[in-house]
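Heads up, there are several structures right after this.
Two complexes come next, and they have one chain in common, subunit A, joined by subunit B in the first and subunit C in the second.
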Partner chain A sequence: MAYNALSEAEKVFILHGIQDDFRNDGRSRRDFRPMELQTNVIASACGSARFCIANSDILVGIKPEIDAPFPDKPEEGKIEFHVDCSANALLDFEGRGGEELALEISNCLRITYASPFAFDLKSLCILPKHQCWKLYVDILILQCAGNLYDAISFAVKSAFYNLRIPRVNSALLDGGNVDLVLSDDPSDCDRLDVQSIPILLTICKIGEHCVIDPSIDEEICSSSNIVVGVSRNKIVSLKTISGGSFHPDTIENCIDLAISTAKTLDNTLMNILKHEESLTKSKKNIKCSFLN
Partner chain B sequence: MAQELLSLQGLRIDGRRQNELRQIQCRLGVLERCDGSAYMLHGNTKVIASISGPKHPTKNSANKNRGGDEFIFNVRVKFATFSKNGERQKVVKNSKKLGEIEINLKNIFKSVILVEKYEKSQLDLNIEILQTDGSEICTVVNAATLALIDAGICMKEYICACTASLTNDGVALLDVSHLEEICGGPTLTIAALPRTGDHEQSVAYVELSQKFYLKDLNKIFDCALMGCEKIRGILDEAIRSNAFELVNSELTNN
Partner chain C sequence: MANIKINLLMNKAKYTSDLGENNCRIYTTGEVITEQKDFMRGHGTYVEDGLIKSSVVGVVRQINKLISVVPLKSKYVGEIGDVVIGRVTEIQKKRWKIDTNSRLDSVLLISSINLPGGELRRRNAEDEQSMRKLLQEEDLLSAEVQNVYVDGSLSLHTRSLKYGKLSQGILISVSPSLIKRRKNHFHNLPCGVSVIIGNNGYIWISPIVNVEIEGQGGFAQSLDAISKSDREAIVRIKNCVQALASCYVMIYDTSITFAYEESLKYEAKELLNHDTMYEIGFNTKLKLMQQE
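Right, the complex of A and B next:
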């Protein structure tokens, strides 16, 4: 995680704040920081989104490519996640291996999306055994201010909502060669069902309490962190990050906290996405964020 | 040539006039955690530049410099994997193309930064290209200028870059888009220190590809230099309005 120097006194201050349910930015233990969302920011990607939680700034672009499915899963498409700590965010990760963190995050996303409850890979199939879509999900960390996992999962979900895959009009097998006919009209596209796409929630244990959406300073004070992948009231992944250990009962508490938070957050995110889409439809070229 | 670069009515493929720039928007101080940063949108090319430093040289770069007391200026350029139309870009480390851009940038900015003020210190320039649509280098240079100014690095002058091209009929085109780049025609990239007071305009970087008649050289050169002047105006306005906003917010806060 990003490096910030904290003195002993500062750590104690944060710890006491969390005990009293009053964090140093005025939030309670179950509050998120302000978030910002914008979809369709990159014209050269088929689906893109920018998501900020406070100063954690994430940009996601999805590009589909045609590929052959795995022999053991002939009817499923593929997804590949690639996390890139941008040169700007690298200032934060200086000498601390941004690559390791990137690998950790992309692995966490991979196991989360591997669950059949989370993502219907069959919808990416074009012609079983022969061709499928492979989605390259490229995540760019522009800035890091804590809670990267959550921000990235929201950004990815938003990008999936924005994703438009070219429509395949017909796929025929002609003597072992696949003959694909893509639609000529660029606006003729397929969209994915994003309802069940999971979101990740980091639960951070500081002192005796569990906290959501930790800032960088709080991440430094935490004794252990757990990332819970939630898709419609179901847990699809569970992963501890950055050392430390949990009491089994605490894990249960964490999961309960994650599920209840994820439920409201997921609903809000979907509503906002729909709202944002209607806004951009009615008014083209609105300038609301620095990326446009 | 597949497509005419300039129609009979004098309009280009994207509807611009021959000496018209694409839309430029820029913003300073977009990233909180660096010493200076800027975001630049030039047509559809999007670039974020950030500066960290001046700071004590890290061991790595000091070693590279063989323990000298000189100013160390590191440049890192990165294309986002989704930055180009068509296929996804592979992640390549130490690619030659990027290395070349980095060296060019280093040389361009070493000519304007007051190097003697920053002896024994290090300055890092990081550039992230989010989307490309031609004239990447000049967008990068302009964004980096803004970032340097946002970071408060002492410079002699603004440095502005612009591209120009030539049609078959010998008409100079200002600010080349990607479509015009691939349609052929020579492309000239210039980075220049604009005219200020009694100082004449001076050119810090030139790159020109393809052959063409020598008599057209002046035309295309003048066209690009005029573009640099225009861009200087835009950058200047952005910097002044940014400074104005900063002062205003400081005053209202106190």
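Right, the complex of A and C next:
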């Protein structure tokens, strides 16, 4: 990941700060920056969310489509991730600059969601061997202030919570052709179980210490980063980003740290999502558009 | 235990300054400012059909008969004598290219710096080759604008002991329109923090360094660890300046000191929350008005 530059002395300042457990914005090594969330921001998507960690701003929309399942997995649906790095977020993303990062992030999500512990793809099945839902998850990076992986995974989880798939009333096989009857009522829809949907946590190794939620400056100073996908206290994926190496003991520490953090984070996220839903239910017709 | 907080975007407080005096109107591009003929057009305006119109989005400033529009957000437009902070982007023959938040990179000629120890420059190829020993790529420095070229790019000089390479500290970038022009832009605040407020919107916050002892012509760099109390004060000032910038309060020594006093009842990391930021910005504005 290429970002803005830091001089040697600034890097030393950040490094000493992390040793003192007092980072450049006053946080300790275990603190997240304030986060903000809103679901149902795109009217044309079936599930959408906007998630900000400080100035990292992510917009996610999910659209379902009917598709044929893979022949080797006849009872499973499909999910496709697409990340778009807007040049507004960072100048480095201009032109084709963001493609590599976008591919890296979407691959990481794909691997994480492919784990059988993470996401029950069978819930997307309509008619085994013939038809299933294919979910297109479109992720747009609006602003980048570090810690993209985490922000994106929270945004995707929130969008999945918000996702409403049209209910299939009946699916019949009629001489090789599938006859689907979808519900006419737009409010009559299915929701997915999001409890097990994984979240990603970036653990950033700076000097001798591991920190969570690195800012963009801290990412520059880091010797190596590890992204841990956690679903219900289980690790579902592990990936190092931006080079560097880890000692086996450090990896273990990182994983422990990720699991304990993910637990609180997941609870907080689910609580706030439920809270938002109860608020919007009680106050019907609140139109919170994306721009205001 | 990790400190994790997620808010809802729809509950996000919007910053409003209800201080009464805030009835300034914002002009958009192409909007007619005045139809009267006896005014002169200044920066940010143009004349069409005998009318003065705004060429940028901003507020109108009138000095006698001269009407100009100050843009809300812009790149830095330099003036001779301004104090700026810059980052070296490139080393060329006999000059450094410096990023100063303007449209074009500024230049610092090797003839417009003081060599360490007040040594006189021998005009030979050798000292051109040793330029990187003085300032590397990505190093930060403070300088003064010596000249403005016709294309708007700046020529800088560091011919004073107070200018030169910057050591450990934090750089923050705010809009150049928020910087108040003062006689002095170098401040040693009573809380033990030195602040350089660059006219270009870059603000450098560092521990107080004794220039007479340290400054070998301003190119020495100390990489020693900074004491925790100094670090806390630096981080607090940084968060305060960001709070002021988010509330559109003019940034100068008095406003920073007021914001610092206002912030003492909070922990440094609490200043990252929007509510706290707005409270500090509002209270500072109030205090500044009372003082006038």
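The working rule: the second predicted complex is superposed on the first by the 276 of 292 C-alpha atoms of A that agree within 3 Å, B and C clash if a C-alpha of one lies under 4 Å from a C-alpha of the other, contacts with A are read in each partner's own complex, and residues count from 1 in each chain.
Everything that follows uses one rule, which is that a contact is a pair of C-beta atoms (placed from the backbone, for glycine too) under 8 Å apart; a residue touches a chain by one contact, two chains touch by 3 or more.
All values derive from a computational prediction rather than experimental measurement.
Judged by the touch definition given at the top, the superposed model places A:61 against subunit B, while subunit C stays out of reach. Once chain A of one complex is fitted onto chain A of the other, the partner contacts of A:16 are limited to subunit C, with no touch recorded for subunit B. In the superposition on chain A, contact of A:8 is made with subunit C only, not with subunit B. Legend: residue contacts after superposition of the two complexes on their common chain; A:24 is shown touching subunit C, with no touch to subunit B. When both complexes are overlaid on chain A, the residue A:143 reaches subunit B alone and has no touch with subunit C. In the superposition on chain A, A:240 contacts neither subunit B nor subunit C.
In the superposition on chain A, A:86 makes contact with subunit B only, not with subunit C.
In the superposed three-chain model, the partner touching more residues of subunit A is C, compared with the other of subunit B and subunit C.
In the superposition on chain A, A:169 contacts neither subunit B nor subunit C.
Considering their complex, residues 1-10, 12, 87, 136-140, 166-171, 221-223, 225-226, 228, 231-232, 235-236, 238-239, 267-274 of subunit C touch subunit A.
Residue ranges on subunit A touching subunit B, taken from their complex, read 42-45, 48, 55, 57, 59, 61-63, 65, 82, 84, 86-88, 90-92, 95, 136, 138, 140, 142-145, 290-292.
Taken together, the subunit A residues at the contact with subunit C in this complex read 5-10, 12-13, 16-17, 19-20, 22-28, 30-38, 50, 52, 54, 212, 260-261, 264-265, 268-269, 272, 275-276, 279, 286, 288.
Subunit B makes touch with subunit A in their complex at residues 27, 30-34, 37, 39, 41, 44, 46, 48, 50, 52, 58, 76-78, 80-85, 87-88, 91, 124, 126-128, 130-132.
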